[in-house]
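Written out below as structure tokens is the structure these notes cover.
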């Protein structure tokens, strides 16, 4: 226990704003909890959420007030240390991937995601990236779709038709 | 590799657009409204292998829980009406409209098969100071606000059976809700609740082992499984107007599915439900085999909807009146 | 003699032996892949083994169950993505160990202690099943409520730097756990009229997001840092280590059996409680908890495997499932023409000993498969980050989808991943969030049931609490922890002293 440093001595850029957002979020959730069933009874559906969100309001206020006392950390820039471009790019890639997942289908969108992100992060030849992405996709497809029968979004690829025709070739 | 895939695709799209004669041409997906291990899940998983044999294709079963089955119902309704997505569900959707849970119920779908129906039973903790229906009523009247009734939330079997009771005799009890009849029956054995209505199949083994006692069968006649247990109509003859009533399991497809696919599915399920393994299993679990489709199924579904909807409405926990949806009074 | 015969049945038949081995092997991978759950795997096996003899089917399923519970620790240690909720506590100290290059040793130790836990569970099942199950069903709603509160108090252990931030995170988790249609009244809570929210936010989605995605996003900061070379010289743990940690692992195994035997609580809660117990009884850990303490790795692993034997106790003696997996097992027994229930022990006594023998066998296979291939597994961490991170994202997304075949779960997982990224950035611990999600419904529902049983009177609840020895004990434990040992209290004291002296 003693070797842990339990006190945060400086604050990072954006920390104050984040804590303030947490306070505001907690107050909003408290209001939403109140809207469930008010203060009607201890056994009402809203009682537990009210207690939890009240705790959130209190704890977030304490945290926010603490950050007010802390001096800003030196030589730490938000764009460089907290939210570097690489994180933003990857977040955007994941977002695009999950948006098109249903319409394009699992196979196509996952392949595109793997290819682009590995190429972006690993920076080797296109062929290497292509091989890695394909291999990974095949393994995931076999485990999830074929063994565990998780019907992944098909999108524009008529997977079931292809599978059944492959099966009929077999027999 | 790519070329053959494309060729395959082309061939397939051609053949499927030419005729539907060879339904099913691919795997069928069966969406189960309830989670793994539940009674709907067990029933569907035990009939599916027999159906697969009849259809000559595999049915991939997927549990899609949530919103007392409304999420699965909505999911199937959003898919193409091609007979490749089946909804495997229980009775709950018949209450969706009046409870405001969804605007789709089974009347908006095509029934492939209503497989079986359960019989409700009222059971009690072994130490409860009553042994039959009359004693339960007398005791609850003598000790208002003391008897703890288990329940499984509004719209569930327990709420409808207690609504039936309330329509016959005014009782003052505490209702303690549980997350399904499994946990509630466990609590009953532990003494956290005194009495609750449940489905016969879920209680039969416990009753036989003497871990809980049967108070009354919510039906017009005794069951073969518990021949000594008096039906509730012996004590409350007024219940006759609602009975026989019970939760059911059925398989449905989206409206607009081609007649050909519907007929094939109906035939396959009907044959599968005659399978002796399946029949044995259902009887052992205390379910009455129905195995009906078409008009017969629609009539049954409508009767269930009208009885339950009006009961729930009269008991005061519906969001909308059954009249708004044209559900006739029983 | 009959008992021994049935016990040894799966050991002597080559087919049964092989199926148990296959099941255990598959189970380890099911457990290790987030989103694939043992419940799901066993359900699929029901259809798959439909036409088989019941013993064959059971061997495969028991193997999957035993292997699956253990397998969750793999990805927790290597990638900080618990393969299943029961491995959450394992990630807390297991992942820091892997970061130090000790993945092989961590997996080896967790394997051995899992097996120890597994055996404790099986022994209790074999020797005391009827007693334990009678005890388990006497738990009243108020007792479950107190168990939930006991769990929530763990927030103190998981808070890391700042207690206020930990409490905030824990309360947020509790609130996330209440989202959806209230199972008791069907009232909508935080659903904003969206049907997809009726069933709430899946804990596994929160878990994958908060642990896996947020960690992977943080890793992007250090793309240029060389990967940590894993020391793979030692996989089988030192005998002295095993001896040293044995008392702790036995203690937490017993926590695991009891929590596992309670209907409605399973390995996830058992593991978290065991972690807290370890933290409380270990006075001077070599390495602080949360930074790679071996105690913090052993305790949850022993407990969650012991919970398997525990979950079988009410299932085999009363026909009441101890957790979600045993519920599916009950369905499987029905389909195979058996009647799981209180009469099972009387009508089919061989089933009991067959299962006990089979569990023992599966546990031995966990040891064998667990200790082989560790070197290969540890290499995953050495995989270049540029490849590993995209793969983690892919696996997380597929895993989140697999939970309930819903795109919405992916959205939640990503939202919590991004939120978790910022929480970590600003010193908010993410452990308490997932703790809250897991304990939310247990506490909420049983609190309300307890109050309803007393007709809404809190004073009656208090008075009646002292009529039951069990409730009295639980209540005393809560009070005791809160006022003597809890970090909540000691840290607050320390903080006060600290502030006054500076």
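Read from first to last, the chains carry the letters A, B and C; within each, the first residue is number 1.
Simple rule for what comes next: a residue touches a chain if its C-beta (ideal position, glycine included) is under 8 Å from a C-beta of that chain, and two chains touch if they have at least 3 such contacts.
Because the structure is predicted, anything quoted here is derived from the model rather than measured.
> Based on CA centres, what chain would you say lies at the far end from chain C?
Here the answer is chain B, farthest from chain C.
> Which chain is in the middle, if each chain's centre is the mean of its C-alpha atoms?
The most central chain here turns out to be C.
> Taking each chain's centre as its mean C-alpha position, how far apart are chain A and chain B in Å?
37
> How many angstrom lie between the centres of chain B and chain C, each centre taken as the mean Cα position?
32
> Rounded to a whole Å, what is the gap between the Cα centroids of chain A and chain C?
About 22 Å, centre to centre.
> By residue number and range, which residues of chain B touch two or more other chains?
61-62
> For chain C, give me the residues that contact two or more of the other chains.
40, 184-185, 405, 452
> Residues of chain A touching 2+ other chains?
Counting only residues that touch two or more other chains, chain A contributes 149, 151.
> Name, in rising order, each residue of chain B that touches chain A in their complex.
Checking each residue of chain B against chain A gives 5, 8-9, 11-13, 16, 25-27, 29, 57, 60-62, 84.
> Note which residues of chain B are touching chain C in the complex, please.
For chain B paired with chain C, touching residues are 35-38, 41-42, 45-46, 48-49, 61-68, 70-71, 74, 99, 102, 145, 148, 153-155, 174-179, 182-183, 185-187, 189-192, 205-206, 208-211, 277, 280-281, 284-285.
> Can you check the complex and tell me which residues of chain A touch chain B?
149, 151, 158, 160-165
> Show me the residue ranges of chain C that touch chain A in the complex, using the header's touch definition.
29-30, 33, 36, 40-41, 44, 160-162, 164-165, 167-168, 171-172, 174-175, 178, 182, 184-185, 187-190, 217, 220-221, 223, 288, 290-291, 384-387, 389-391, 393-395, 397-398, 401-402, 405, 407, 410-411, 414, 418, 421-422, 425-427, 436, 440, 443-444, 447-448, 451-452, 456, 458, 491, 494-495, 498
> Show me the residue ranges of chain A that touch chain C in the complex, using the header's touch definition.
Against chain C, chain A makes touches at 1, 3-8, 12, 14-15, 18-19, 22, 26, 29, 32-33, 36-37, 41-43, 45-49, 52-53, 55-56, 59-60, 62-63, 66, 81-82, 84, 86-87, 90-91, 94-95, 97-98, 101-102, 106, 110, 113-114, 117-118, 121-123, 132, 136, 140, 143-144, 148-153.
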